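For reference, the structures are reproduced in the following blocks.
In the two assemblies presented below, chain A is common to both, partnered first by chain B and then by chain C.
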Partner chain A sequence: MYDLASNRSQTAWRSKPVAKKKTEILVIGGGPAGLAAAEAASSHGKQVTVIDENPAFGGQIWRAEKSELSEKAKNLVEALEKNGVEMIASCTCVASLPDKRILALSNGKTFPIRYDKVIIATGAREQFVPFPGWTLPGVFGAGGLQALVKGGYDISGKRIVVAGTGPLLLAVAAYLKKKGGNVILIAERTDLLSLIGFGLSALRVPGKWREALELRKEIRGISYMTSSSVLWADGNGKLSRVTITNDNEESEIECDLLAIGWHLVPNLEVPTLFGCDLLACAVNADEYMRTSVEDVLSAGEINFVGGLELSLIEGKIAGHSAAENLEAARGLLAKRSRLLTFASSMLNTFLTDPEELRKAVTNDTIVCRCEDVPYGRVKDLKGFNEAKLETRLGMGQCQGRVCGSACEVLFGWEANSVRPPLVPLKISELANFETENK
Partner chain B sequence: MTYDVAIIGAGIVGAACADRLSSEGLSVCVIDGPSEFAPATAAGMGHIVVMDDSDAQFALTSYSQKLWDEFASELPPEAEFENCGTLWIAADEEEMEEVDRKFWKYAEIGLTTEILDERSLRSAEPNLKKGLPGALRVPGDSVVYQPVATNFLLARAQAAGASISRNAAVSLVIDGLVETWGGERIEAQHIVISAGCGSTLLPELAKAVKPRKGHLVITERTNTTVNHQLVELGYLRSAHGTDRDSVAFNIQPRKTGQLLIGSSRQYGSDDPSADLEIVAKMMKRALEYFPSAADAQATRIWTGFRPATPDGLPYIGMVPGYEKVYAATGHEGLGITTALGTAALIADEILGRESAIPREPYSPTRIDG
Partner chain C sequence: MAEILRYKIDGTEHEASPGTTVAAALLNVGVTAFRISVSGEPRAPLCGMGICFDCRVTIDGVSNVRSCLEPVADGMEIETGG
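The block that comes next holds the complex of A and B.
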């Protein structure tokens, strides 16, 4: 039986061609990969525009303290502006329009931007894995808590447990400690032997072991458990204690804040809007960062969550490649390949068995917090779309950004069902589209 | 084994047929394609509405509405069945005459409606634009969250012994036999084709059933009160026209506080992407009637394809040239409303019984006429 609706993507937006704004190379996302791409592309004399949905450039990793730009990002942004790169902050891509245009949203107003080539560098976000109590106030994503503290949230004297997996935990714990938090425990899921194995492999990459040593120094005094994870969190209206398991022994720990860090997952909404092929929950780009869609490139963590250096090098390659200077890009391919190998070994070390994660979940555990959908209501359904239709999971405010990856982990569902607009738009703004384009 | 009935298509019409026929003791097999959910059913609005474009449409929609009312108590709460009624809103005095005509038309079949003047309309729906002359209130109409209702019907059919075969795209239908692209052969005495726009796998239906594209927009939860499904009377003009793209004001309150806003009708497009200009026209139209929606945040826009027929009536019944192959398709925008009535008519025809309403107006014998 043929199926009209699923034959083609619903994600592109159709309309007649009219342009408001024009650029040769449009970069979506002003984190390390996007900024590096802009730098490389503008070095070939191309007219470049960078948009970022945050008020400041730099992405998650170079996130500014109290809205001051971090030093590294600041230098890069200044250099770009000097080169004539147009930088538009607080500007979101909400839809892909025909004739090489996007619909951008800034200050509540939409406008189209026309481009010759577009580089998508929308980075990654934290993955959330539901467990009993994860929706209690006081439970945060590790990166999310760090971002809040950078924004001025006071944690001095607060008792904090950092849990989850991966090197991010150490960095976050060190940061929280520096900011006056009383970090009482780091609970790492991975067992010690795997960690040692990873540590040895890290020695092969110059600079990595020095970074690691620095971190060790900073987190001295905090207890660090391996093979340990949070079973549940509870409290009356807000978090007051967590129950953790350590080598199959359970214990309760009183705390005010819990920072949970799992893996990062690529922000695939924008590349999906453009219709880019995906592979293994990432954009399927070639070594020159070209996606399956003509004139659409992708760089950084949307291709592979591999950290800052990989993002920077991919950004540069994408910039050269978009400026049609493959020669310049070619010189960077070997370095990228080395970084990619290291990043893959890290991913394998901290890979979490979904069976393990499911164990903590009960029928009452909320999976979709926007629509209050518990695990028990969706566990027997066949896929993300069915769950959406049956329970409205993923159809709330966050549009499945949180529960989508949670469902990928818990059920192995492919949770990619992006629809425009990527962020909510006022009805009056939708109504204006016609006149704005005339 | 040979089934009594094979049903092709597990949207709400196929699901209702499966439920009805298996409850009558027939052995039923439902066959559906690779998509997770029937696209037209999933995309629809879930408005159960009596419409009087033609006497036949009036008969089928009012009969089906009664069946929904009986069915409502069996539905799970997640189906969000709500007997909120419809307000047909007049834009001017000329349309108030249409309100009057509709009132008497509905009264003819004993359907109670109420004419609201400017003041009573204002108190019924305080967020509508001021100064609208009035509306017809049809209290018997309802809304339902149709994906849940569809799954409920399928599950009940399964519990009564029906088998459901998914991921089985049908390649061929001949008398007594359904063949899938995967090479599976399903034998059945009777074959019902309820595959919406996909019903065109039967060449006889392909001539007549054409996709008619629609758009819907849903908002975040709002505090804006909407008490009824609100539809402009001009909707009838929009629904009648066949050649031009058209939009009409149509807004549905959801239990969650979200607003579901329609509607558009376009022929000749098989492109599922949202057309921003049509959406803009829809939203303009909506704001003309319902200015309070201006600041509501739209979270999602989607499209769907209604299976439309040249005369605006569905095809229900035996397809000429076949032995016991039945159509249950071409419901256009009324598939949710008329699913239960359609299933009853199909069951009656298969079992050789009289029906509660005449079946003849829906017979596919009128194709090619």
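The block that comes next holds the complex of A and C.
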């Protein structure tokens, strides 16, 4: 039996494990978008429940450091609890059930939660692009390494290369340096001219230039290379060096850790379970955050990967809208549209040609890490389904969360590995799931 | 709350401070093979946030737990290399 929870002392960052079985507005995901949605919805007197898979609320940007919630998340969570919002951490939505219910998994137990309206705010994750050596221990996603350090990973003195593209690289490098990491290089794939162009456009957005200046100060002293990317990672059982190409010149760099970040991609598993219409790899919601499915709303980075401010405003709109107060939502639409415009311009700056990303891949490069399927075995197949049948690609525990978006980049395939339950369940839990599903 | 948590990795006792995730604790101890892949390679965390399932270990007899989502607790027994 799965009894992790009963075996051990509950730490302070774990909330009450058992939820009420019924709520008016259910929010799935307690990042900035979900928290803002809960705040707006509860301001209209609605009964609101927020669940989050993580042991602490705050999502990606406000991720807790060890047991401590970040200041902003803490204030919001406390205010929500005071307003009677039910907050359940370490609780994953694993399936959508008939009769407006979800199946939730918390501390090894599954139970249904019934709702009148649901707001999905499951955020985004990092896009991973396979390259030789990316399966070596010591190779992390950029945000992934940051998350692990926030979870207590001590990187002091470790030699770290940060690579990939986008402003997230600078934020991650600054954070790792602050935590004692020896960040020896930031390798940005985008060329200098595009970066300057983006910098100039960002200056037009209030507040952005100050943010940029602060970051510059924090990463002073770290080498920064543009037009460069990682060709391969190497090591015996763990990472010991990377090869970087910079305008066709290759150099080898000894390091302990590689933090590699491309774009972010929306976490579409939950909206897929609900049957929401998708468009361009995101949820297709209207300006009031309503999806194609009645009483199902979505907010934040699952709609558009556009950063904190956009997620917050979308959360608010979704909260008002779920509480059927469109008037309150309407006042926020103009601001949302401005933020959307800025976010799109940023995306265009760091857009990487898939051809570029494919360059490093060789026939032996593993594409599906769960089933160890190499590039050479799938490259001539016709699509994701065929690859699944022929090679088991995408059939492992991660349900294609990693190789799905990788195949989109490598082959232009649309991934479709999502299946309930989203997380492998024990037989005993599965029995519960199946009776619930009838 | 205890200042120091005592837990075991593959039978050997270690210590961690409260709030540390199991993944972070294993990395701190120098574990590289969280799990062994189907072709026999060592695998360790990639995403740090519950997406990749490469950090999975056995905790208190329960297999396939994503260690990046699980805080260390006093008395916990972790098995790697599954």
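Basically, the second predicted complex is superposed on the first by the 411 of 438 C-alpha atoms of A that agree within 3 Å, B and C clash if a C-alpha of one lies under 4 Å from a C-alpha of the other, contacts with A are read in each partner's own complex, and residues count from 1 in each chain.
Basically, contacts are C-beta pairs under 8 Å (C-beta built on N, C-alpha and C of every residue); 3 or more make two chains touch, one makes a residue touch a chain.
None of these values were measured; they are calculated from a predicted model.
When the two complexes are overlaid on their common chain A, residue A:Leu97 makes contact with chain B while staying clear of chain C.
Of the two partner chains placed by the overlay, only chain C lies in contact with A:Phe140; chain B stays clear of it. Look at A:Gln60: by the touch rule set out above, it reaches chain C but stays clear of chain B. Residue contacts after overlaying the shared chain place A:Lys382 against chain B, while chain C stays out of touching range.
Judged by the touch definition given at the top, the superposed model places A:Pro421 against chain B, while chain C stays out of reach.
By the document's definition of touching, neither partner reaches A:Asn107: not chain B, not chain C. Once chain A of one complex is fitted onto chain A of the other, the partner contacts of A:Met395 are limited to chain B, with no touch recorded for chain C. In the superposition on chain A, contact of A:Ser156 is made with neither chain B nor chain C. Once the two complexes are laid over each other on the shared chain, residue contacts for A:Leu148 go to chain C alone; chain B is not touched. Touched by chain B in one complex and by chain C in the other are residues 2-4, 7-9, 11-14, 371, 396-397, 424, 426 of chain A.
Those residues of chain A that touch chain B in the complex are listed here as 1-16, 95, 97, 103, 371, 382-383, 385-386, 389-392, 395-397, 399, 419-421, 424-428, 430-434, 437.
On the side of chain A, the complex with chain C involves touching residues 2-4, 7-9, 11-14, 53-55, 60, 64-68, 90, 108, 125-126, 128, 135, 137-141, 143-149, 151-154, 237-238, 267, 369-372, 396-398, 401-402, 424, 426. By the touch criterion given at the top, residues 1-2, 16-21, 23-25, 27-28, 32-34, 37-39, 41-54, 56, 59-60, 62, 64-65, 68-71, 73-76 of chain C touch chain A in their complex. Interface residues of chain B, counted against chain A in their complex, comprise 8-9, 31-37, 39-40, 42-43, 78, 147-148, 151, 169-170, 195, 197-198, 200-201, 211, 217-220, 256, 261, 270-277, 279-281, 283-284, 286-287, 293-305.
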